[in-house]
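Listed next: structures, encoded as structure tokens.
The following pair of complexes shares a single chain, chain A, combined with chain B in the former and chain C in the latter.
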Partner chain A sequence: MMSILQAMWQADGSFPNGSFAFSYGLEGFVVLRGKLDATDLSELMSTIIRQRWATFDRVALLRAFRAKGDPALIGAVDREVEAATFGEALRSGSRRNGASFLNAHARLGSPIAAALRSDIRTGTCLGHMAVMQGAVWQETGLDERLAQLASGYAVASGLVTTAVRLGVVGALQGQGLLRACLPEIARLAAIDSPENEELSSFLPVLEIASARHAKADLRLFAN
Partner chain B sequence: MLDAKPLEGGKPAGAAPVAARVGIGGPVGSGKTALIEALIPVLQRRGINFAIVTNDLVTREDAERIRRSGLIDPERVSAVEAGACPHTVIREDPTLNIAAGDDLEAKFVGLELVLFESGGDNLASTFSLELVDWWMFVIDVAGGDDIPRKKGPGLLRCDLLVVNKVDLAPHVGVVLEPMLKDALRVRDGRPVIATNARSGEGVEAVADAIVAAVLFRA
Partner chain C sequence: MRSLPLSCSVPEAGREVEARLAFDVAGGRTTLRRQHVGYPLHITRGFYLDKARPDLLTLYLQSASGGVYADDRLGLDVAVDANAAVNITTQASTVVHDGRGTGAIQRLTVTVGAGAFCAIVNDPYIMFPGARLSLGATASVAEDGVLILADGFAVHDPRERDRAFARYSASTRILRPDGRLLVSDHGSVDGDEMAMRSGALGGMNAAATVFIVARPDRLPGPEEFENAADRCGCLAGASVAPNQAGMVMRLLAPDGGALGRGIEAAFHVAACSTLGVDLARRRK
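Presenting the complex of A and B:
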């Protein structure tokens, strides 16, 4: 029961990890596409969950989780995430988000978060969010299934929060979209991820939008 | 009984000594950036080793303005995006700002002071004491002489209230003395300083307050 509560704690949007400042590319997409409605957003969220979260973030999370605190293995996954993430805005956003996540856990007394934060200072670790989540949540006491669910839920709910702030959907409409994502997250989290599975993602429009967004004069989010 | 682990001291592991952290909040347009620009040479003259973190709401305007001012090494100015939430980034979730402060401390050995400029919002914004050790709130006379009587949490809870743009008082129908008296009254006598960041009036007094409060110098 305790691990379920821990997962809820970590998926909660009020946990201070800096995620509110990152739009996962959504702000750039809204600017690129112009008007976006709830149907468009629903399709986009589904695509992000299937073609980025499930095959990239989730895989990185699980590999870091299975590293069981081994800094060399965690560092290797971290470098793979860096190499496989398109565009500086998405890379630096993921690193900054991860650093804030570690800061919060280090201050709450997590030894591995404090160690990884020191590794970032020395350059032996980059601190990508999904990797840091995997490493810290393994120590926190989540199991693989709960870690995946917390990660998937945090991504989906972060997208909805961003969309509401951008005025794409209303708060209640957003919750409807979030609810609609839950079965997909549960289905994807149940798919076995073999040891050392390679990271893959395919979201070219979002990546292009994010690259354009990095140069925008007016923006609310860091990426 | 709850198993509450003690919170870490809030600074990077192994990093010592650590810089004091001061917040500068207040409504958009009250003159926070101008006050920082006026404070920079004053703090430099006093030999204080400091850096600045800005929280721009939708652009990097404030950070770029300070970087391009020629007053300070641009490397000592860091920008943190507020994600459309100027309150959140200094209160509910200050972790991005904490990380920015930690990065500056790691980069500049012997750093004594980090100033955090809020992106600006309204009278309700307050700083988390997990982010800063002491904070000031900047309002301006052009906002109206009734601002102190509106008693926003920012205005009431800050360690120092700065009333800026005092030179504009006669042009906007404000009589300064009653406004300052109202400010002192609603704050139960806690410090209020009147400034004109453009001319430098009152800026030394603000620097004195910072130095006395967090650097413990006379």
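Presenting the complex of A and C:
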């Protein structure tokens, strides 16, 4: 029971992990399109879950989880995430969120979070969010299934929070879209990820939106 | 007694081809030192098109068979020796036919030596209904070498029966000669995704990626790179590549024609920035 509560705690949007500044390119997409409706947002959330989270973030998280605290293995996954992430805004946002996540856990007394912060300082690790989540959650008693569910939920809920703050949907409408994502997250989290599965992502429209938006003078989110 | 089917009615097994091209410098210009190219691939003779860079060799790579078919396994190894300069391009888009469940695989291996320039710029693949194509590229680029790599696809349903292609996958790994990984770009999209207005391609019908591997002082500005493609009707986004490898740009377009023009414009900006001279238009 305790591990389920730990997963809920980690998926909760109030945990200070820096994701409030991370929009996955959604803000740039809103600027590109001019106006989005709930159908657009629903399609976009489903696409992000399938084309990015399931095949990239989830895979990086599981590989870091399975590293069982080995800094060399965690560092190798981290460098692969760096090499495989399009766009400086997405890479720096992911590293910044990972650092915030580690800071919070280190201040709450997590030894592995403190060790990983030190590894970032020495360059052994880079600190990408999904990798840090996998490494820390393995130590905090989550199993692979719960770690994936917490990660998937946090991504979907972060997108809804972003969309509400950008005025794309209202708060209640956003919760409806979040609920609609849950079966997909559960289905994808049940798919086995073999050892050394390649990180894969295909979201050109959001990558373009994020790259263009990074040059904008006025923006609410870091990416 | 049952007749055997006519030979022409039996579906052909896919072709397995390993082509090799090796370039070096001789007599002050780049030459094709070794070539091994089998059917269905074909290369034209080399052209020296650029007055500003008379040493730069341009080759057109063609498919002599009308496209890529199910079960095709096509490999191309390109080796560009130190200080050589070569541009390999296609004369037109390549049609990818119904993959019949198995699909086709195209593999590219590139080695770019010290001080060399290599641009491999393909017109978009045209994904017919049922097409399944997997592209895999691995490139090793010396610290002061330049690589420009462009690949993409467009959707086409000639009978307009709303049949989607099956799957497009592209995987690119760019490394230094010592094995250090710079860029790893791996992604796939199913044809069914294209119907979504806010899916992976944002409702567009064509997508491409352009990589420039070069020292930072030889790169174009990201906005200049984007604007060149935008002016051709594309929507482009450029960014610094991971590990200071250079620059990477994604392009989306409403159709293959706009995407092809955007890729060509991006190539000219990238070539001008990395070589310091404007290259001539590649006639197609």
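The criterion applied here is as follows: the second predicted complex is superposed on the first by the 223 of 223 C-alpha atoms of A that agree within 3 Å, B and C clash if a C-alpha of one lies under 4 Å from a C-alpha of the other, contacts with A are read in each partner's own complex, and residues count from 1 in each chain.
Please note the rule applied: a residue touches a chain if its C-beta (ideal position, glycine included) is under 8 Å from a C-beta of that chain, and two chains touch if they have at least 3 such contacts.
What you see is a predicted model; the values in this text were computed from it and never measured.
In the superposition on chain A, A:Thr85 makes contact with chain C only, not with chain B. When both complexes are overlaid on chain A, the residue A:Ser14 reaches chain B alone and has no touch with chain C. In the superposition on chain A, A:Arg96 contacts chain B only, with no contact to chain C. Of the two partner chains placed by the overlay, neither chain B nor chain C lies in contact with A:Glu139.
When both complexes are overlaid on chain A, the residue A:Arg121 reaches chain B alone and has no touch with chain C.
In the superposed model, A:Arg107 makes contact with chain B only, not with chain C. Applying the stated contact rule after C-alpha superposition, one finds that A:Leu199 touches chain C and leaves chain B untouched. Set side by side, chain B and chain C differ in how many residues of chain A they touch, and the one touching more is C.
In the complex of the two chains, the chain A residues touching chain C come out as 29, 32-33, 36, 39-41, 43-44, 47, 51, 79-80, 82-89, 91, 198-205, 207-212, 214-215. If you check the complex, the residues on chain B that touch chain A are 5-8, 10, 12-14, 57-59, 80-85, 88-89, 92-96, 98-99, 102, 106, 130.
Within the complex formed with chain B, the residues of chain A that make contact are 14, 16-18, 20-23, 96, 99-101, 103-104, 106-109, 114, 117-118, 121, 165-166, 217-222. Taken together, the chain C residues at the contact with chain A in this complex read 171, 181-189, 193, 196-202, 204, 207, 209, 222-223, 226, 235-240, 242-243, 248-252.
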